[in-house]
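As structure tokens, here come the structures.
Below are two complexes that have chain A in common, paired first with chain B and then with chain C.
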Partner chain A sequence: MKKVIVACGSGVATSQTVASKVKRVLEEKKVRADVQAVDIKSLENYIKSSDVYISITKNTKEYDIPTLNGIAFLTGMGIEQETQKLLDLLK
Partner chain B sequence: MDYADLFDEGLVDLEVDFSSQEEIFELISNVLNDKGYVENSFKSAILKRESEFPTGLATETMKIAIPHTDVMHVRKPFIYVAKLKKPIPFLHMGTDDDWVDVENIFVLGIKEPSEQVGLLSLIMEKLQDKQFKKNFNTIANKQEMVVYLKKNFGSEDQ
Partner chain C sequence: MKDAAKRELLKYLILKEGSALNEIMLEFGLTKNEAIQLINEINSYFGSDVIISNSQGIYMTEHSKMQCYKSVFYGQEKLFYSHDVKDRYNLILIELVLNKGFSSLQDLANVCLVSKNTILNDFKVIKEMLAEKGMSINYSRKNGYSVLGPEFMVRNLLVETIKDIFHSTAGRIMLNEKGFVTESEIFLLRKRLEKVETRIGIKLTDEQLEELPYILQMVIKRSYNFKDNWSFKIEKYDIKNTVEYPEIKNMFWDYECLSEPDLLYLSLQVLASNMVESALQISNGDEISLAAERFINNIEIYLAIEIAQKSLLKEKLILHMGPAIYRNLIGFKINNPLTEEFIEEYQEIYNIVLKSVRPFEEIIHHHLSKEEVVYLSMIVLSWVYQTEETDKIFTGAVLCRSGTSISKLLLTTLSSMFPEIDFIGAYAVRQFKEMQKNVDFIFTTVPYESKQPTFLVPSILDKDSRIRLKSQVNMEMQGDNRMVARKLLESIKDYIHVDHYHIVGKKMEAFFQNIISDPVNEDEKQDEFFYFSIENISFVEKSIEWEYLVDFTMGELFKRNSISQHYIEETKEAFYKDYETMLIAQDIYLPHARPEYGVIKMDFQIHIFNSPVRTPSGNQVKVVVALAPDVNQKHVSTLIRLNNLFLDNELRLQIINENNKHAITQILNMEGAEE
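After this line comes the complex of A and B, so read on.
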């Protein structure tokens, strides 16, 4: 199963919220994936084993895996576009 | 957890006049500390967190900030609501150059992340609901505001 990682500053509010929204969206689309929220400090440990990174903070470095805009899942602005990208990446 | 329990009349500011983020965090942290909601470390933690990972959010219908920090600085969960008299600039989440003129602040006191996971989505949902937004903007009495928020965020209404 493909793995999606969501990271924010402390891993307590924003990433949890975005992860839960992403899970709901994927369930609706009947796409199976493992979605996990982490804090930014642990990101390095998870990124190697993940397929997609959903970012909420300003990216100070580039990762080897595709990165999506997590704020879209939070506010709903541009969510269709990010959802489509995610679905394509999880195919 | 019933989100209605997170609201407290003492944790609501309506038409409050601030001139900077620092002033907001200073006042809010002092109130939270006095009421036993946070540890002494909260003030510096939330300031640091906001400068590293800003929490301004803008959509077509709302301009808010949702400051929060790690669970270790929080003693018991809460939501502090501040309606600002004049907007205060906050950086938009995920940027270091996109300023948002924030109209309303929701400080999230997260103690149990797994139990409070629906909270932020609910705030977003409510603020994008025209009727809620209208009432929220209109209510000018703290007691009335808390009753309204409890009703809208409480589990009975879910």
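After this line comes the complex of A and C, so read on.
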């Protein structure tokens, strides 16, 4: 099962909200994936074992796995594009 | 300092033991933000935190009070506009004992800021108090009112009254404001006392170094104003022939007209002080040493235990009993405010010590006072409590005004409450400052300013204070997980193979700092929505500065006791760094931090701004949702609901433009909004 990691500064509010929304979208689309919310400090420990990274921080570092814009899931701006990208990546 | 509001706030805090932000807001009609700003401006004016704000309230140390009084009010404005009955009794006594001229009812009324009738009423009580001590108030048409009695007793009365005033709020400032002493007189005597300390190898407590100059100065004033021949007899001990007496006597070399009894009396004040450590060589020292041995022996028999490190305890007892014997010689009752509380809490140990003190009583030829027995009980109890060393992660120190038995007992109590803290000792505040030791936690019975987590604690911890303190300390420990990881690693370093040290360190840091959140489990959280009431909604009419946004928006959560001050500080640090991503919807900001930084209960506060705040990047902030997250993620379902509501443009505008809080709560609590 593919793994999606969502990270924000604290790992307790925005990343949790986005992770819940993403999980719901994936369930609706019948896509199986493990979605986890973490805080930015622990991201390094989990990024290697993940397939997609949804970022809710000011990105200063690039990772080897595809990165999506998590803010889109919160604000609704560009959510369709980001959702489509996610679905494509998890196929 | 010109701003009237700042002067008034300072005056208010100087005259109080402590206050709370809410009380200040009510008293001065300020918002939380304005009150915090005012405090910050005062601290910035003085260049240090003269006003301390922490989870225990808002207060000033006695040192800061004096500093602010001298800088802002001295010679310009009176601080006291009334005195309670106890202060009035003390002021009347001092005025009568010191004033050589005619003391009229009107003079006393002026000093006490009351009518002549009130003074007459106060006289009734004072006369009874004096009668018990063999003294009286006399009135003559020539001299007005005065205290009559043996000079030795009158001087003791003066000293006890000064000590009493020192224990009242801003008592020292009161003595200055009433003109009983001047700052230069006190400064001179304090400096001379410090020299005497070095020369004869004694260490006065902070309390004594503050009090003694006032006591000595006022006793000198009494000596000047009442030059009648007087003497007092010292039984058994020849103080004049001790090594200390000439040194102490020398500090008064330029005070003319002091007679030999005056100098002896002044010296006894120094010798009878509570000393933290004393190199005092009392004649017949062997007698005290033997008495201490017999006392320890009695304790062992009555408690049926063998006391560890007996020689150290004996040394400690001798150090304490030296000044205690001088106190007995001049008939001083030691001031121990915890006497009754201690006896109630530790009745059994008190009774055993009371039965064991006979060897000391044989030296002074009468019973030790209840207060002295309690001091000895504190020393014994803290010794008996000594337990084996356990693994320590943090360091701590106990501070009190005197650094003597009270703080030693507190130290023992705290050591048993917090086995993870390695307490380096109990100190007087001045001693601790001189040592410049770094510790993780400070426990103090007097307000103390420090960057380290500092807990103001009562001298004797009852059950409730223990529970409260334990929770406060735990919250601080959890609030700094990085420190826990570092300290823990240090403590187990010896058991880790050197090749693995680095990796274990990293793993441990990851464990403490980067606790991964549980995967989202919708089943558990789906039905647990936060119920919004009108209390959770704030309409903000005035404009708020960006720098105060977090303090302001967290204010209601703090007032409801949902979060700690530490949580606010952590949120500030996180939010001002990452506010652009701390959102719950477009332009709806969500300041928060991890729950372990000080969330007491899950809570939300929604602020709707009529005058939008501008972020540094120029964005308008119209809504802020201040969040106190739940440690088990129960807040997430409510956040999803809020996100959906704010993503619906119509509902979003309705919430922003609505001026009825009930209407907003109806929208927020709307069922199905999370879908």
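Note that the second predicted complex is superposed on the first by the 91 of 91 C-alpha atoms of A that agree within 3 Å, B and C clash if a C-alpha of one lies under 4 Å from a C-alpha of the other, contacts with A are read in each partner's own complex, and residues count from 1 in each chain.
Operating definition for what follows: a residue touches a chain if its C-beta (ideal position, glycine included) is under 8 Å from a C-beta of that chain, and two chains touch if they have at least 3 such contacts.
Predicted model, so just to flag it, every value in this text is computed and none were measured.
K.L.:
Pick one for A:I56: touches chain B only (first), chain C only (second), both, or neither.
P.N.:
both
K.L.:
Kindly classify A:T67 by the partners it touches after superposition: chain B alone (first), chain C alone (second), both, or neither?
P.N.:
A:T67 sits against neither chain B nor chain C.
K.L.:
Would you check which partner chain A:T14 touches, where first means chain B only, second means chain C only, and both and neither mean what they say?
P.N.:
both
K.L.:
Looking only at contacts as defined up top, I'd like to know whether chain B or chain C touches more of chain A.
P.N.:
Tallying touched residues of chain A, the top partner is C.
K.L.:
Looking at the overlay, what does A:T75 touch: chain B (first), chain C (second), both, or neither?
P.N.:
Touch status of A:T75: both partners.
K.L.:
Name the residues of chain A shared by its contacts with chain B and its contacts with chain C.
P.N.:
Residues 8-14, 16-17, 20-21, 56-58, 71, 74-77 of chain A touch both chain B and chain C.
K.L.:
Contact residues on chain C for chain A in the complex?
P.N.:
Against chain A, the touching part of chain C is residues 510, 513-517, 519-520, 522, 574, 577-578, 580-586, 590, 592-595, 627, 629, 633, 635-637, 639-640, 643, 647.
K.L.:
Which residues of chain B touch chain A once you look at their complex with the stated criterion?
P.N.:
49, 52-53, 55, 57-60, 66, 68-71, 93-96, 108, 110, 113-114, 116-121, 124, 128
K.L.:
Spell out the part of chain A that touches chain B in their complex, as residue ranges.
P.N.:
Its residues touching chain B are 8-14, 16-17, 20-21, 40, 55-58, 69-71, 74-77.
K.L.:
Using the touch rule from the top, collect the residues of chain A that touch chain C in their complex.
P.N.:
8-17, 19-21, 23-24, 34-39, 41-42, 45-46, 56-58, 71, 74-77
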